[in-house]
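Labels A, B, C and D are assigned to the chains in the order they are written; within every chain, residues are numbered from 1.
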């Protein structure tokens, strides 16, 4: 499921990808504060050797949430593609089941480089993991 | 496919997981220098919105390679489970197809905390991404 | 200048150091929310080759602010020493003059490992830099 | 003391700064492999509360070594200024005295963004700390 802003000009397919489908998280870009939310209902296929949500999937969700927030912040109308330059993830607590939500927010940056971070929380609000990232805007080569 | 050392005492299933099966990478823990190798043949399901290997899957491979190297370094005979405390990933170049290999190595640490890093390279040796991580040994509570 | 909590049991000298004196920042540990504040009046000796506050001094302030917050969080009465395991710093905007303030807060962790972060801001509130860190509690060997 | 390459076109003063003088490390940019070396003889003024080399000074040395390597890599003849976008530092072992050396090397990047890392080692070669950083080239506005 995808929720995109009413002013989303780009093709909504722009936020789909093979990896997105593989993991099966939901993306919500409708928050009026410019944040981006990525949610996942934990299934067996998402677990690591310890039986908890895999750190790589956590990194993927945090990367997506922070990256979408960076994309939103780079465009007054809709959406600008960015690539991840670096991502630093901290794992505070394991998650075993239920729905987890990553919320991404831009924290700084300018024309080419954007700083954004994200937090992954359990339904009860507990902080499970956080990330800070550096993103780079991709100039649209069609123009 | 899994390659484990001849002296691998723990159940080889210990390195399987739902997330591992989902992505489908191979793990090779036979290198005599203590390093760990994680390889992936890139498929459509691994791609991001830009049509290149998803940063989250890259993080997953680097996390696995560094974590397995940390696990190997913590035990003279086989393998000790570790959890990721933090992982910092840098994305140098995109990968579109072919087989990519993440090689993890321990760089420091002691009884409880282990520092390990990993590099992801293309078949021609080009550096695609790298990560440094902090890992924590999980004490076996059965003993 | 040092401001420490009324219940500060340890020798206040515990927060002094040669490096602290060299740079000359102030530490304030009185905030009731458990945060730690480190302030610096920028002088010529703090500048880098570009004429702005040196990234190493920014890292030092963010490390100190996050580390003091981790120390406060580890003890109900006062203060427990911690060491930095890793620190990830992001530089958003340069600072040329005036007073800058780093505010550190704990974000997670348990008995041995503590996660804490810090933000460096200009007097007008502009975010100049931020850091997230992993800290480890040092067990008091006198006891 | 500063050692710069024979083909160093820019004013050698370009690598001086207030913070550099404050800490007192030496910079050597003569290595033919493009690496950069920053050395420091540890004094009391460099120590933290635990009596070991302060993490902020370690970060400063690693930032300088990686940044100088990035600067060298950006120019065939000499030197191009860069700024630090983000720096991730890992602290493996404490240093109490003697001379420590940070060696920086570029690991990737392109026209605007450069990835570089550095390792800090004791005279006996022991790894004390390492860092990976993202740097951005500053375009020379005089041209």
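The rule is short, and it goes like this: a contact is a pair of C-beta atoms (placed from the backbone, for glycine too) under 8 Å apart; a residue touches a chain by one contact, two chains touch by 3 or more.
Everything quoted here is computed from the prediction, not taken from an experiment.
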item: Which listed pair, A-C, B-C or A-B, duplicates the contacts of A-D in over half of its pairs; value: B-C
item: Of B-D and C-D, pair with higher C-beta contact tally; value: C-D
item: Cα-centroid distance, subunit B relative to subunit C, in whole angstrom; value: 33
item: Intercentroid distance (Cα basis), subunit D paired with subunit B, Å; value: 29
item: Distance from subunit D to subunit C - Cα centre to Cα centre, in angstrom; value: 22
item: Sequence positions of subunit C contacting 2 or more other chains; value: 85-86, 88, 90, 132, 134
item: Of subunit C, residues touching subunit D in the complex; value: 14-23, 43-50, 54-57, 59-61, 63-64, 81, 83-91, 94, 138
item: Footprint of subunit A on subunit C - complex, ascending; value: 88, 90, 92-93, 107-109, 115, 127, 130, 132, 134
item: Subunit A-facing residues of subunit D, complex; value: 85-86, 88, 112-113, 132, 134, 136
